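Working notes, structure below.
Order as written gives the chain letters A, B, C, D and E; numbering starts at 1 within each chain.
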Amino acid sequence: MDSIGFGAAWLQYALGGITVGAIYALVAIGYNIIYNVTEIINFAQGEFVMLGGLFAVFFHETCGFPMLPAFLAAVAAVALTGLILERYVIRKARHATVLSMIIITIAFSILLKGGAMLVWGRDPYRLPAFSGSGSILWNGVAIQPQALWVLAVSGTIVACLTIFFQRSVYGKAMLACADNPAAARLVGIPVRTMIFLSFMLSAAIGAAAGVAITPITLMEYDRGALLGLKGFGAAVLGGLGQFFGALVAGLLLGLAESFCAGYVSSGYKDAVALVLLLLALFFKPEGLFGSKEAAGLKRF
Amino acid sequence: MLTVRSLHTYYGNIHALKGVSLHVRSGEIVALIGANGAGKTTLVHSIAGLLKPQKGTILYKEEDITALAPEAVVQRGIALVPEGRQIFATLSVETNLEMGAFIHRNRRDQVQRDMGALLERFPILKERRRQLAGTLSGGEQQMLAISRALMARPDFLLLDEPSMGLAPLVIREIFAIIQRLRDEGRTILLIEQNARAALEIADRGYVMETGKVVLQGEGRELLVHREVQRAYLGKGSKEIWDA
Amino acid sequence: MVGRGRNRCVGRASRVLLWVCALVLLTPVGVLAGGKPYKIGAVFSVTGGASFLGEPEKKTAEMIVEQVNARGGINGHPVQLVLYDDETDATKCNLAVKKLIKRDKVPVIIGPSTSGNSLAVVSVAEAYKVPLISCAASYKIVEPVASRHWVFKVAGSDKHVVGKMYDYMQAKGITKIGIMTVSTGFGASGREELLRLAKDYGITIVADERYGPKDTDLTAQLTKIRQSGAQAVVNWSVGPTAVLAVKGWRDLKMEGIALFQSHGFGSKKYLELCGDAAEGVLLPLARVNVGPLLPEDHPQKKVIMEYIRAYEAKYQEPISSFGGHAWDSMHLALAALQAVGPDRAKIRDFLENTRNFVGQHGIFNFSPQDHNGLSKDDLEMVVVKNGDWALAE
Amino acid sequence: MVSFDARSKDPILTLQDVHMRFGGVTALKGIHYQVPRGIVQSIIGPNGAGKTTLLNCISGVLHPSEGVISFLGRSVESEPPHRIAALGMSRTFQHVALFPRMSVLENVMVGRHVRTRSGFWAVGLRTPTMRREEAAIGREAKAWLDFVGLADAAHLEAGALPLGKQKILEIARALATDPALLLLDEPAGGLNARETEELGELIQRIQARGITVILVEHDMNLVMSVSERILVLYYGQPLASGAPDEIKEDPQVIQAYLGDEWAPEEGKPIMNGRF
Amino acid sequence: MSPRKLVPIGVFAAFMAAFPWIVAPFESVSHYTDVMVFAGIFCLVTIGLSLLMGFAGQISLAQAAFFGIGAYVSAILTGRFGWNPWAAMPAGAVVCAAVAWIVGVPALRLKGHYLAMATLGFGVIVHIILNEEVEWTGGPSGMVDIPGLSIAGTPLLSETAWYYLVWTFVAAALLFSYHVLHSRVGRALRAIHEEEKAAEAMGVPVASYKVQVFVYSAVLASLAGSLYTHYVTFLTPSSFDLMWSIRFVLMVVVGGMQSLWGALLGTVFLTFVGNEWLQVFADFEVLVYGAILLLVVLWVPQGLVVWMQERLRLRRAADLSRSE
């Protein structure tokens, strides 16, 4: 019998939780970008992740691209989907209520899912790991190199987005659109273009997440909904619109699930994450990192 | 400099402007007064491109800018300081100014220079340049809103209710700034509830009522006009306040 | 202005109406040509969560109908397959079966694909007295037989699969196992049998883990099992999680703990997806999956090889064991129709008395006490070797 | 701190040391005040002086950070708005807050809500009591529409009315709750001179029915013509209080509320950070 | 109700009453009675949801959970404890009401996306519990052999009998809801939707009303669940998952939120679209379904019923102006 200590198991759960959590965080960030610029929650975000994975499979396995070009091509293809969503759907419904927006994006996600089913069928697909297959066993803890890739991709994206939104003129302009669209137009910011870009950007990030996780989790046409749900949870828990909050909340959800599966009950792990989420909502409705100050300012 | 000819604009399904005509000459302050809902804000929004007029034309420096998007209007040198200030409350003071210069985003040096100059000019903003704009006081916010508009290097400023919600002493300073801006060569169209203050610094004034211009004249002239006094300066306000 | 506006509205309204009418009229898609065709009703989960079952089942059933009609039908009657997709939804399945019974008046129904959906229509088959040959595994579909007069099933019960597995463990001296099951009807039913039969075989279950069908990470469950001191781990799932279990098992370097999969892993696609990781995975499989490995004189060899050849030629993809269920149910229905004609009661009696019917999943021996007709002897213990199935010794 | 001895024998509303802070900003800095029953009390002051905040505190929309507000002898500073409404206080809003897609009549009928009882079961099952109540609601709502002169518009959508009529409708809706105290937040905002005059008459008719009115308003003509007492707020504090004639001549009020002159003097520093 | 409104309602009621006899002779649609039984069951859910969303303005993505709780309470009480189904049904409703109250009090303080997330989270938790509490619910394998309903000792077997039973429930729920809407309570709910702060200032206890209507919608969903249980006599948690909650919302929105008839029509329409009319598209069905939804929400955002009412009004107005 293996003598694997308590500590190793703990680490293993933590590692699993962080990997899954990083994925949730990436999905949550996708929600946040669009929310930041438009205050729309795009329920098709999960489908972007699914499409990212499947497009990468298409470019890598079917077209024979090497991994990096396949990655980029998949991201571009999904960004194009985001563009279509904004240009031909969202823009048509600019004055819709929160509820109709939710339903419009749900309907679009049904379309994407249906389309993916027709194109790729119902089987799961795999993608080789970015570097080296198999895993490293370290003190009884198995580390998948791909998990490190997922973390790296998440970290890079969060860092890039933070820099983008804090340093670049365009990033700040996007925030300005979210803060006060009318004033943004007045200072000459093309608000529509910014919205358009936000959809492409968030689709691209979703796609990047999809490509990064496919080597670990496989990908099939109906994977999007659950990822979208968990990502939405992370986005709300972190405070809508907060990138850092999304990262922390995503990791928290992932860890909560993993530890619950490890120490409490694997069947109830999703429920535990959701109960946490509900408690957070009931007692801190603006999310863990949604600042009350900013929320207060937003209303004026 | 700016000529508006029989402009008709709908706000939702309300016919808010019913054939408004006015003109502003280069280098003057023109005050636009009238009750709430008279269509003043609709008019400046139409000029700034936020609303699309149904009929009529807006000429700026001989160019038709009637159907232009707000971005394009700013590019041509018209900046609006909107009612209620509308600063980017969740962004810092500096970022607010930077956004004001969005159309000059490729001229970083110029933007930096302008921002430096403005911050020198408004020391209070310099002191708070890293604060979130929403945490500024009302007067500071108004200052920021005007500065932000100036970052676009406009020749023509539209000011919508700059004194709203401000204490009398602050109002006084804001109006001083407005005069200063005119003295520097900018043209200003000023909307004010505070008709008295506006007319006192204005070269000319227009009075609007239910979507139409009903009266126009020189600032001082309107100030003593009986109808204007009755409707906007308050009937017998003389008796009440100037006692 | 007003007039034109109105006309446009009316135009739009009437177009919508036309569409609605068209949809209503399109509903009955019955084939009315030819002699009097024998109808066979089918409900499979062609889309939705269990589409990996329904799709090969649909393809198989359609292929068989083509084959039979190409041979001139049965008793001079062409065979007509009336197939509905239940989208893996119990409500839709219930509706579809009633539609087959009431509108299409089929004498016999094959399907549904999943245990849940089958259970959702058992009462319908009983109420309307229509023979139903389910393609799903749960023993509840045909037990208690007293209230399952009209219901049969062709998929081996989980107790047979577990029995075969435990037999093998017993032979190998494995007494402590960890189990991990997916929280769907498939996994739940497997878990029930794993727990129920363990003590009969002297096996202790030291870890009992569950996970969702869309879970992306099973390392937590596997780690827990690794800690529990189990000698073997049994994973019971279908779909991506079956592959993730194998990958996780390999990543955690758990080769010292044998990995048993359920028969749900019985698809070549899973082997492809697992790559090298699946080497050494053990699972009980129906013979349809291992046709080429069977000795020439095995009674099932011929039907299995014919099926494999025809299917692979037609669809350019490997068969799956699920398609085999459709083959078995379809051929049972055909045999009944050939023998007694389209009479619901007679078909039922025929099915109940069918003996030694050689199918893809075994040799069926139905009886009034057994509406499944299979036993654990119809399974083979298989090990993954060089990316293919091999019989385990 | 200025504190006014405005005590009367029968105050309908008493404010004691009311403070309101938002984060770091103090909007109300210790207000002591009493409003006698039956009068029209105006509150004036520059924008940002805290008039609307005070109104929100009185009507329960906000709860003061400190202090006691008693209405008809009950302290209400921590009661939710709907309870305060039930006690007999009603209000209108600075920015019209009607139910725009409901009819004019229905808007007023909502006002009767607080004076009626039928619960979910009763209305669902249409009990006889509920039917009687509904009939009464309709009658009373129509009566109030008659009172304010909107009876002709009863079946129009409220959102389709012109602004002036919307303001009047808000008053009718507030009256339908049978208030003892009516709070009007800038009712003349956006009205033209004629409408403002009519509004003044309406306020007087409301007062004649024995309803106390608190009026927050910028239109001095209206304020001076209908008020019995005026409170001037300045930076969250009372600056002056008294009859219109006293207020008109109060030099402090003139100084704070209008300012004495507007033209800046040459050479005087203007960017001195006093914002 | 004015007589002018009563005529179309009378025609509609007569049509509904005759429906099984109208479709029976036509073989290709004879099973529509069965589809209508399910449509009716779903209508019970969506009528409550329409009150909650369309009138009180609160989003709920948890209706499938209440539908499920009603169904399982009925199933467990009758299947395990041998209760009479008619007694189990109100018991399920009481349980549902209690759960809705407990969840509703904190959840309904939230707004917009946060409320959507909270109700969604609750719905998913209920689904997980149904899946995991194998001893009580049978877990994912489901519960079998749940007793059917009988009236006065006669078991209810035929679809036609069920049709009348279910649609009687629907009619009662419609009438009850209609009465609620045209009363002080209904006006208060609409007022909350339109302008919450004004409603509160008019003395409407906003929080309490939101919870009341939430509980009401949960009770209707619970009754629907009980009927579903005894009709299908088999339960599996997958019939009560998030997708179903979303479907219920879609039914209400497609029909038109601002009208009870919208909930009715939307539900019947989508039940037929989902189960019948799109079968011909086979694999493309999902795509067509999504496209229909998208088109309806984009081009008829107010929903089919309200859209038709507006068309009719415009047409009448046009006719009037022409005749003048």
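Note that in this section a contact is a pair of C-beta atoms (placed from the backbone, for glycine too) under 8 Å apart; a residue touches a chain by one contact, two chains touch by 3 or more.
Owing to the predicted nature of the structure, the values given are computational and were not obtained by experimental measurement.
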From subunit D, the most remote chain by mean C-alpha position: C
Longest centre-to-centre distance from subunit E, chain (CA-based): B
Distance from subunit C to subunit A - Cα centre to Cα centre, in angstrom: 35
Cα-centroid distance, subunit A relative to subunit B, in whole angstrom: 43
Approximate Å spacing (C-alpha centroids) for the pair subunit C, subunit E: 33
Shared-contact residues (touching 2 or more other chains) in subunit A: 117, 265, 267, 270, 293, 296
Interface hub residues of subunit E, defined as touching at least two other chains: 131-132, 283, 285-286
Subunit B: positions in contact with at least two other chains: none
Footprint of subunit E on subunit A - complex, ascending: 41, 89, 92-93, 96, 98-100, 102-104, 106-111, 113-115, 117-118, 225, 229, 232-233, 236, 240, 265, 267-268, 270-271, 274-275, 277-278, 281-282, 285
Subunit C residues touching subunit E - in the complex, by the definition given at the top: 2-3, 5-6, 9-10, 13, 23-24, 26-30, 46-47, 49, 84-85, 88-92, 94-96, 98-99, 102-103, 115-116, 119-123, 127, 138, 140, 147, 183-189, 192, 210
In the complex, subunit A residues that touch subunit B: 169, 172-173, 175-176, 179-180, 182-190, 293-294, 296-298, 300
Residues of subunit B that touch subunit A when the two form their complex: 48-50, 69-71, 74-75, 79-80, 82, 86-91, 95, 98-103, 105, 132, 134-135, 148-149, 151-152
Residue ranges of subunit C in contact with subunit A within the complex: 47, 49, 51-52, 55, 180, 183, 209-212, 214, 216-217, 219-221, 223-224, 226-227, 229, 239-240, 243-244, 247, 250-253, 256, 269, 273, 275
